[in-house]
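Each of the next two complexes has subunit A plus one other chain: subunit B in the first, subunit C in the second.
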Partner chain A sequence: MAKFGFTTRKDSMIMLDKADLSLRRTLISEYPEYQLCINCGACSAVCTAAQLTSFNIREVKLNIDRGQTVSLKNEIAKCMICGKCEMICPKNVSNRKIVLLINKHLQEQHG
Partner chain B sequence: MINEESKKIAVIGGGIAGMQSASVLGRLGYQVTIFEKSERLGGNVANWNHLFPHNENATDMISALNATLESQSNISIAPSTTVLNIANKHNSVSITTPEREYSFDAAIIASGFTPFDATKKEEYGYGIYNHVITSVELEKVEKQNQLSRYVHGKSGKVGFVHCVGSRDEKVCNGYCSKVCCITAIKQAIEVKKQHPNLDVYCFYMDLRLFDRHFESIYREAQEKWGILFIRGRMSEVNEDINGKLIVRIEDTLSRRPMKLSLDLLVLMVGMVPSEDTQRFASQFSTKSEEDRFIIDNNQVLVEQNTGISKGIFAAGTAKSPLTVKETLADAKSVALNVHFYLNQTNL
Partner chain C sequence: MDRFDIFVLPFTVGLVFVVFAYIAQLIYWLRQMPKDEKGKLKGLLVSPIRLAKCCIEIVKESLLHINLFRTNLLLGFMHMSLAFGWFMLIVIGNLESKVYTSTHINPPYFPIFLEYFIPDMGSFKYHQEFSFLMDFFLLMVLTGTFLAFTKRFVSRRFSIIKKPKLTAIDKIGLYSLWLIFPLRFLAESINSGIHQTGSFITEPTGELLFSLGVGESSAYTAWWAYSISLGIFFVAVPFTRYMHILTEPFFIFLRKAKVDASKFQPIFNQIQAKSCSKCGVCLSSCPLTKASISGKPQPIYLLDALKRGSLSPEMVESCLNCRRCEESCPVGITIEPLRMSLKKQIEHETDFGYTSLAEYPKAKVGYFSGCMGKLTPATTKSLEKITETAGEKLVHLDKDGGICCGRPQKLAGQLAASQELMAKNTALFRESGVEMIVTSCPICLKTFRDDYQLSIPVIHHTEYINRLIKNERIALNKSDAITVYHDPCELARGCGITKEPRYILKKSSTFTELPKEARGMCCGNSMAHSSLSYNQKADIASLTLNSIPSNVSHLITSCPACSKAFKVADKVTVEDIAVFTARHAYKPTPILEKQHYKVSETATR
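Then we have the complex of A and B:
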């Protein structure tokens, strides 16, 4: 068969049916308020880490909800756990608590 | 109307809900007294310049309502009168003012709302920076044609912050105030109309444009006036050395924190139950609810002519945030409920 050099690329689509949502479930069971986010972005607007790095806590959480956790460990390491996000949140969600829970989960998974 | 001349109804609150229900009950032949805390009728709407969606003049609307009241001799108005207490007594309702106690056959509580106190959101700098004003103040500024006090020259930027004091548990107002989205768009268009060279931004979390014509006004804002919509909740406002406002927000759609300068920031303040509404809510509402509005029997499939207590009804924004149109419709329907109630007790 003639080879034209074409290859198939990996699909960029989120396959929600096959997504691993176990971390989302763990977070909800330990902290039900996790589900209250309305994605207003106030947390990432006050975030000091977000001004200096590519860190976006809102996006990190959204990615967890979609099972996209490949870069989670690197991303979450950028958080300084200062708690400003928690002060501004209109839904009273504690991102600080969520970050600590994610860290706990990562430690249990990867040591 | 035949037998109803002797029936007396108290309306507590002379805003548009109170005026409308008094007007309807007056036309049905009842003796109606409006108790109004301030010197004039019209409530919050009297502070407004133009009303969405058709830019009607608010003063004209109040005058029209007022004219229907004045044309009816069976409607009396007690201005500058605070109602201290409302209570059921057998088949009557007693109303206590500082001067005396009155007896009525029924009462409508139309004690309405007050705009959210923006100083509670200190991060937005209201009361600290001169160029941060509320949506209520912008209406006043427009009424007096003084927008040039805040913006001048051939360029500049104006921002509107949605949901100030709404959907915000940090100030104990978890509910949506409903009217601010469309009001922000209306005001953004008004500012742009007067000063086409300005850049006008709306900072929103969700755009709730639920009613007829609202979506087309949004479209007009984008298409005709070039209003810029940025999705994110503003986190803080500062002033730079030149007196320009510097605001921070996450542009949630491009997923980046963002900073921009503005010449004027308008805070879309939500609706909070007025002090009297809160007082009556705690007196009459059977269930306690966090939002402090009066709880009506708001299930869809219940008998319509039941009040919140025997002979006591609630109308308008004392029950929840409503648009002007909705308030007038609700007041009319509550007035009819009172009419049905009084005729039932006749039997």
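Then we have the complex of A and C:
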């Protein structure tokens, strides 16, 4: 690889080979439509919770895909599961269902 | 005259068994009921008018099955002829035995096997009349039995789309029930052939059998078989769905006494489970059955599982909660409390601290669009236009960041989260000083009315528009549009609002009703069902869309979730009632018009 003198800062690097993608796999196995998401962000645009906070369901899903689940619990707690995102989704993915599945998963993990 | 024969034993034992089982059951239920509710029962018993009304209801529903006739004529007739016919046979048989024997105390089996004990009853007074009546009602019951038998094979004729599964004991009950009346008919006919005691159906059959050489001994066998089938049926009753014959009158009695079921819900559910006749009407009215989506959330299965103790959260996770089953139930069973109590309770940590950032503006009459209402801004815009025309002021409460009403959490089993949001919303309403809330989301409406303890009225925008029209604040042009109206689940069945939208549509368009079986069908956009795929939702929506008559131009609804679900429609325009009304609303000039009218009136005089 040619070297142009650019580097990536270590702390903003995501090593997908080493990342823990187990949650993503669980979600896909329980709800295959999860993969249909095109990350368009329509869900975040209409989100009731996002009107008042920085809660961003699109970001949450992106982070899951990258295995970054450290702040997942705190983020997911802000969701009101009103289901608006589900009705606006152009790919008919149910974020409400995904959030409920994540909840279930978190509960199983933490007991 | 002999007054006993060994063959009456199976019947008598069965009868004694079922009577004791029933009394024990009633005592158990009554003991479990709280005192206040039992007081209500006494209240009904001492008031003759209310008691009479209750008895009329019992006759109407337990014997005549009027509600079933509304679902399907054949199904209603089948139940009516079996129940009412059998009841009349018992009553007339008892009268007959009293007239013939001149004693008032007969053993319980005596009237049932009267023709065995008094075979040559032809000489008695009034015999002609009695035997005609007995034949008439026997024919009625036999018709019922015949219909019940054919129903097994051509169930669609009876509006039964999906047949309930029967267990072994259910089958024993069913087959013995089928046998009872043909056997009675046989026994009576043979007797009539020998002694000429029959009327219009037993006499010719009797003569035919007599000419074939069927005699006294065959009659005896037939009486035995009749008694055995009755005995088997009676013993099976407490363990099968036939317990509803006995429980339903008690259930109607409870309902008429206006008991508060929530005070003793588990026992009430048990009573409901035993009142369910497993007729299968709930299966046929369920949108899931029509769209061939699997799962067993229908009351017939829930109540059966309750009886067996095999209820599981999975059974309700696959339900739309549209409550069409409750609406169509001929017995009037309420399944919603059982369903909600079954929801898997999830202890889910929430962080709704940020909701304190939400603020509702000061308002007198507030408009709450709700989460879903935000997705249909056209509805909000149209309502603004309508209120402007009417010269009313409607302040949009949750314009900048509203809080969810709490129902979606409740449906997902997150009760604590739902209560947190409800408390927040209640506080916000109080702060804004709002005196009436208009909402365009039926889900919010139902939650505000049922779960919030708000001291102010909450109405849906259909009711609001309706009031504006009735108070002559707005008037409507009649357009050439031909409309049908889709009843949203939570609005029609949850809050009972069905007349208002029809009134509005009749004023502004040519209104036609959807066919009865498609009326109020769920749109599929349900938050209660946890595993519906998009295609399945579309299948449910198409149940309504496919049944719209071809000349219709507009499908009008009044729920944002429904309008979203029907957006796939290609043959009709789907619109919220507010949007449709806004296009045809204008400001009337009532005072001037009336004066003008009066002037012209006096002029003609």
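Everything that follows uses one rule, which is that the second predicted complex is superposed on the first by the 101 of 111 C-alpha atoms of A that agree within 3 Å, B and C clash if a C-alpha of one lies under 4 Å from a C-alpha of the other, contacts with A are read in each partner's own complex, and residues count from 1 in each chain.
As a convention for this text, a contact is a pair of C-beta atoms (placed from the backbone, for glycine too) under 8 Å apart; a residue touches a chain by one contact, two chains touch by 3 or more.
All of these numbers come straight from a predicted model, not from anything done at the bench.
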item: Partner chain in contact with A:56 - subunit B first, subunit C second, else both or neither; value: first
item: First, second, both or neither for A:69, with subunit B first and subunit C second; value: neither
item: Residues of subunit A touched, compared between subunit B and subunit C (which is higher); value: C
item: Touching partner for A:97 - first (subunit B), second (subunit C), both, neither; value: second
item: Which of subunit B and subunit C A:46 touches, first, second, both or neither; value: both
item: Touched partner set for A:77, first subunit B, second subunit C, both or neither; value: second
item: First (subunit B), second (subunit C), both or neither touched by A:38; value: first
item: Contacts of A:88 with subunit B and subunit C, given as first, second, both or neither; value: both
item: Doubly contacted subunit A residues - partners subunit C and subunit B; value: 46, 51, 88, 92
item: Subunit B contact footprint on subunit A (complex, rising order); value: 38-47, 50-51, 56, 58-59, 88-92
item: Subunit C to subunit A touching residues, read off their complex; value: 346-352, 354-355, 357-358, 371-372, 374-375, 400-404, 408-409, 412, 414, 417, 421, 525, 527, 530-531, 533-534, 561, 564
item: Sites on subunit B touched by subunit A in the complex; value: 123, 163, 167-170, 205-206, 231-236, 248-252, 255-258
item: Touch list for subunit A against partner subunit C, complex; value: 33, 46, 48-49, 51-53, 55, 73-74, 77-78, 80-84, 87-88, 92, 94, 96-97, 100, 103-104, 107
